[in-house]
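Note that the chains take the letters A, B and C in the order they are written out, and that residue 1 is the start of every chain.
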Amino acid sequence: MDRSLRLISTDAIVGTPIDALARTVEALLVVASQPLTVDELVAATEDDAERVETALGLLRERYAEGRSGIVLERVAGGYALRASREAAEACGRLFERPVERGLSQAALETVAIVAYLGPVSRPEIARIRGVAADSAVASLVERGLVAEAGRESGPGGAVRYRVTPLFERVFGLDSLSELPRLDDLGGETEAIRERLLAVAEARAS
Amino acid sequence: MDRSLRLISTDAIVGTPIDALARTVEALLVVASQPLTVDELVAATEDDAERVETALGLLRERYAEGRSGIVLERVAGGYALRASREAAEACGRLFERPVERGLSQAALETVAIVAYLGPVSRPEIARIRGVAADSAVASLVERGLVAEAGRESGPGGAVRYRVTPLFERVFGLDSLSELPRLDDLGGETEAIRERLLAVAEARAS
Amino acid sequence: MPSAVRDLELDLDAFEGPFDLLLTLILKEQLEPAEIDIASIVVAFVEHLTARDRIDLDACGEFLVLIAALLEIKARQLFPEEGAELAELEPEEAAEELARRLAEYRRMKEAASWLRERLETERARYFRLGPAPLAPQAERRLAPQDPAHLVAALRGLAVPPPKVSLAHMALRFPPVAQFLERFRAVLRRRSVFDFDGEVAGLSRVEQAVAFLALLELRRAGEVALAQAAPFAPIRVSRHEAERSHAWTVRSA
């Protein structure tokens, strides 16, 4: 392979030493908020793909796990800089959010329905609450209080949700059987469901 | 000064060599979305301020303009990574500059007032500029250069505005105290007054 | 006859064209006075004057009157509450205050041009806007919660809805025309009356409709309105140039 020869000749045409190209590539990567593809790097540097790959190779050595706190990672969409694993704990502290004190009314109603009637689907939650449940469910899933639990039977059945072990921990319950009883609403799951749906219908009419 | 002694003893307590701390600091800087203050770095690394400053010193040498495509700079009261000036052209092909579309004269005057006199309310800005400030303020807020900062005291007080860390970053200021003193900017006022006087004298003669 | 003032060509941020068109648009409320940079108009006029050999005193006088009127309109719109404040100052104090503000604005213009230059010298500054591509996700952690809140939320959903009140359906709006006639009748007897006194004792809805009628009369030029201060009594007087052609009810 005439690799060294080719490198020299390309250098002569483009006029940028490979380490200067590598500096430009690392500069592009530190500004990017998305992984950059080789094509994008080629377009931005106005250099050729092979030389850009060579520069990326140099940078992968310099920004390697264990050697540097900044790590160059090859991901699905291209290349991106990330924090080293060694620094994961410190990064976790940087991104820690203060503890939230409570849940919004919408979230509380939704998680209560899922806890007592689950597994339930979003359409059913929406029917009981009288408003679309999409964002409330999504935020509960994101917080890890609620998770998917299969689909309703039949073709195209809606996804159903149940509460998670994190929910039990946050509400101080050893299991769902410790949920306070709702005898005034009928006590049993089916009775509570019918009662809530009946009220929702009255509200809608 | 017992600096070396102190360094060794701190090392012994914390147990992290200074280069490992520097790696953690660079990792934090590469994932942060805003400049990080020494205090924030101290909290995230759980190390002490003096050692964090030492690590930052090492990193400023490694990530210096001309030596690296990634540059560590002191800006907006903290530390942040940016692309080297050398790579500006390549960056320009791939990214928009934070204030790509030129700021209008109205926007520049408004942001100057907010930077020098902030927090200020829209009525105060209008009073100084002699024209309504609503659209200029709205465009600055949209660009992220200006943000709300509470209200004037008293019921129904007007919203007040201040400049953001992004403003300092875009203009390359470590803090607002780096803005030139207004007295030093008054040269043209004097020139105008003199010109007016000259015209008046010419008419009188 | 061509006028040096009214034909003055202007090129402002918010307007381009002759001065008299600008005035027309402002008087027709098609242009916001607050958006007009009056200093630029003055500069344009002074430049216009200096381009000539002799001073046109008539033009200067006309210009002064027009620009003063424009300034007053703009000032009233910009600082409705401040007009009174400045009016309380002695002329020297007011002039001093005005000079202070002009100087402050001049300094801010200087600061703005410094910022413009700075933006130019910092052109090469590129940094990331927004989160890093592979940054860790911020974790949202919840404080311990009380299961009783779940119970309260479900009980809230199980409360039957209250009977819908239809009371507002009975709300009747009296026709505006009724108040138009009433106010006209009052004005035939007296040249001035006090709005608040006239509608005292009426329901809030009736008062609101009466106020609409008042605005209609004002719009048609049948009455003049005066109010000393916000929330002060509104004085209604017969408009001097009362229009003879009868007002026909267009709305209501």
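Basically, contacts are C-beta pairs under 8 Å (C-beta built on N, C-alpha and C of every residue); 3 or more make two chains touch, one makes a residue touch a chain.
These numbers were taken from a predicted model, which means no experiment stands behind them.
Comparing each chain's Cα centroid with the centroid of every protein Cα atom identifies chain B as the most central.
Most remote chain with respect to subunit C, judged by CA-atom centres, is A.
Averaged C-alpha coordinates put the centre of subunit A at 47 Å from the centre of subunit C.
Subunit B and subunit C have Cα centroids separated by 35 Å. With centres taken as mean Cα positions, subunit B sits 31 Å from subunit A.
In subunit C, the residues touching two or more other chains are 126-132, 134-136.
Of all residues in subunit A, those touching 2 or more other chains are 27, 30-32, 81-83, 91, 95, listed in ascending order.
Chain contact summary for the complex, subunit A toward subunit C: residues 27, 30-35, 73, 75, 80-83, 88, 91-92, 95-97, 99-103, 105, 108-109, 111-113, 115-116, 128-129, 142-143, 145, 170-173, 178-180, 182, 184-185, 192, 195-196, 199-200, 202-203. The part of subunit C that touches subunit A in the complex is made up of residues 126-151, 153-161. Listed in rising order, the residues of subunit B touching subunit A in the complex are 20, 22-28, 30-32, 36, 40, 43-46, 68-70, 81-84, 86-87, 90-91, 93-95. Of all residues in subunit C, only 13, 32, 34-39, 78-79, 82, 101, 103-116, 118-119, 122-132, 134-136 touch subunit B in the complex they form.
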